[in-house]
């Protein structure tokens, strides 16, 4: 087990390094004039020269890359003469447009995205898995058909479409809810939840459909396995067979899948936050992209990539722990 | 998303359906047929867009400010966003452009990008997957890692990143195809590699080796046909996914940019109008929804027709 | 109902409705009795309905679409007439069942002790501690060493034989009146099989439990039960005391069945005397595999360890061994599907040990193989004619001629050549094996290696295929290497026999000598373990 952990850790590190290199190449090495891109639109000549020097663009490529790496581990200073911008470790870049290290920008917005995705995940897991189990236990009957029909519909709808429709229905037509405005959890939990309802459901709908279907298929498969037959043959009560034995087999892959999915939080958040105007990481990356604030985009890309890699590794480990049969290679 | 797409595609069926059987099963599946009809209608409409728009007598770029009520902020006069004999689906707020024409134009771009991306994904995915599956230990180790890398990369995010850098002069739809495709071949490659690895151990492949067949021959005649069914199913599911990706990127303002229109892009400008002019939201929204659903249901029907025992999106008794 | 019968079945019928409105009668008006403490064997080939009957006894068809009619009298209770809750109560408690594959029959996520306790608690209402104690007790009773500790293990940590013991322990926990065993030893090696059958006998003597043994293996039946019921296509063909039925069968089906079973005893099949010159010589052949699960480990698995033998022109060399003996690996090395780690293979005077593929190509005509699994030996997406003609095409024959030869070969192996444009799934297992043979013969090889060619087939089909091979060997002047785990089958076909164990060659002798007076201990153990037809 330790051997596997070490190997996995090593390959994760390699993967992350590759990602860092990739990000660096795309954002800093490729563009013809990174200073322009980094500085953003509307940068004058003097500013550009200063930026040039600050970024160390007058130095050879590998030195630049080294500084970049160094920044991530130790922090770096962007200096040109008396003007010093300090960027503490891990330095994911410095946004000159906002005059802040990218990391602090991320820090400000992280709670929003986290609120959104965690809440949505809980919602989609609870709804999806329950619907799937119900569907499987009543296979072929009305409940099953109804759940399946709704799932197909929900599955096909892209986030922004369903979000829009929900908005129109609950905000525009029924007037049950107001247009969502973010309220931090620490300020007012009730308002926090109420405002996040629409975004949560928007993000959760499509995923709930996916999980409902997966759970249904998984449960049906598990129920037809030999060891379930054995327990029936020994007279165990059906409720116990389903609740204790079938669920275990069904939930295991679902749990690991959700660990994988968690790594993709940023992607789902992007669309939802943009649609509802929530000040999270997703909105940040979209805005920065439109404003061509490259350091921010670069930093966020790195964060997103790292999140996925880490989530994947965690999911694999989780799977091995839950199902002892798995041989880790 | 890719993880469960792969499991959904299923293993190569043991009693594969012959062409005739597949078609028969597909025709019997009413929902899949409905999906097929809708999909065909949409694609044809997209291809024939100039003709249809000409029939309507409008075009996508002319502004019609006289049809707007400037007192209310540029909302189109009349109900349903100004729909009527002249403008079949009404006009856009603030610009007065014909919505029908724009919607069809959007259809063209959406389909172009979706299909183009699919081609990139299949070419890359099958190529690399085959090489990994058929190659020796070293090739597989290296390519296998590459495939893992391709899958773990946050596709959309890197797409956004790339789209941000490339200057606006480069044709957007082509860029989108390349970017989404370049980061999206991983799933296909993993599927192909997995199938190839499992088919390699079959006895009939050993028998082919025993007759002295070369590796190329075995790959083409024994293995490739075996992966066609799961591949077709997977590709059919990729298509609506690509549509959603493009729509998402355009929605965020990073994909297709005005004056070109795609449904995603139309939706992003429509967001603010959802109360005043719901038609403006519903047209691209419903079109997108119906399209994605149609292709998804069709893909599912295809999967069931190819392998009746595979788990189906739409359920049914196992 | 005769007195002292613990189970009485009258006119049991099980019907499965088909998609098109028809229904399949898996079991058709079967009746039999099982005496208290007695043992009844139900034998039949695949499709005979024996397993369906066994499942019906515990009411296990209730959740499926099957329609069960007739009477299943357990004491005074008719299982068919009871409500679901009552049936649930008697499962495991009065009548318990063990299955063929113990690995899939046990829950992989929970400890064995927990699973047994759970069953015990369901029927006895005992406390957790008491149930655990009972689990350890029965695990010990079935001969699992260090039961207290092993009870904490999960199924995959046990070997095949131990898992079956654990399953038997589960059956024992509630002290049922009847034990139904559905092919309990089919998935086990012959030596382990003997142990399990002994264990069951032992337990019966101890507890007075009655046994209903369902199997396709006549040898197993002749050794373990007192009465036997022969089934075919859902019907009861013949019933009676086992000695009587097996020695003097009344029905033609039973007679045919018995005739098809290869024997270990009885007169030896007449053999030709092949010439003495070796066609293939294998010296010091070894094949190592890296153990999965960690590239840093130095452990290698020696599937084949320093094996030397020769195969003489025109003979049939049988290679027997249990699972893990290395016989399949050896077979694959002989035809160069695998490359040896060390040692040499000399075929017709040429050293083919590590020739690259390019050079091997012309020799491919001479070395061919027939595979075990009829399902995976033919490409499901190609017509059978194509599959059989393919080797010829690869070696340069033009399409038309190749197909013509393929059709001729189909006739030769007993198939209808007009069906050459059909697909493999439209044929039965036996027919597919014939196609595999036809394909192997298309290049007129000199050496034919058969890897368990009949193991997946029913006894009667098996006999037909073996007969076919014999004919073909004469006609095509083949030298055959016949690999199998089934000692009786090997005896029937081989001139000389090689016994393999743990990768090594243990004994090699003329067939008669080996079976009559085996020299090596392992061979003796192996032969003793085979349940012989009385």
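First chain written, first letter: the chains are A, B and C, and each begins at residue 1.
Following the convention adopted for this analysis, contacts are C-beta pairs under 8 Å (C-beta built on N, C-alpha and C of every residue); 3 or more make two chains touch, one makes a residue touch a chain.
Nothing here was measured: the structure is a model prediction, and the numbers come from that model.
Taking the mean Cα position of each chain as its centre, C sits at the greatest distance from subunit A.
C-beta contact counts were set side by side for A-C and A-B; A-B has more.
If each chain is reduced to the centroid of its CA atoms, subunit B and subunit C end up 48 Å from each other. With each centre defined as the average position of its C-alpha atoms, the distance from subunit A to subunit C rounds to 51 Å.
Chain centres here are Cα means. That of subunit A falls 22 Å from that of subunit B. On subunit B, the positions that touch subunit C within their shared complex are 13-16, 18, 202-204, 206-214, 217, 222, 225-226. Considering their complex, residues 58, 60, 63, 88-93, 96-97, 99, 101, 104-110, 118-119, 122-123, 154, 156, 167, 170, 292-294, 296 of subunit C touch subunit A. Residue ranges on subunit A touching subunit C, taken from their complex, read 3-4, 225-227, 229-237, 240, 245, 248-249, 252, 323-325, 327-329.
Interface of subunit C with subunit B (complex): residues 335, 337, 357, 360-362, 364-365, 367-369, 371-373, 375-382, 387, 390-391, 394-395, 423, 425, 436, 439-440, 443.
Interface residues of subunit B facing subunit A in the complex, by the touch rule stated above, are 1, 3-4, 145, 149, 152-158, 160-165, 240, 244, 247-248, 251-254, 264, 267-268, 270-271, 274-275, 278, 281, 285, 288-289, 292-293, 296-297, 311, 313-318.
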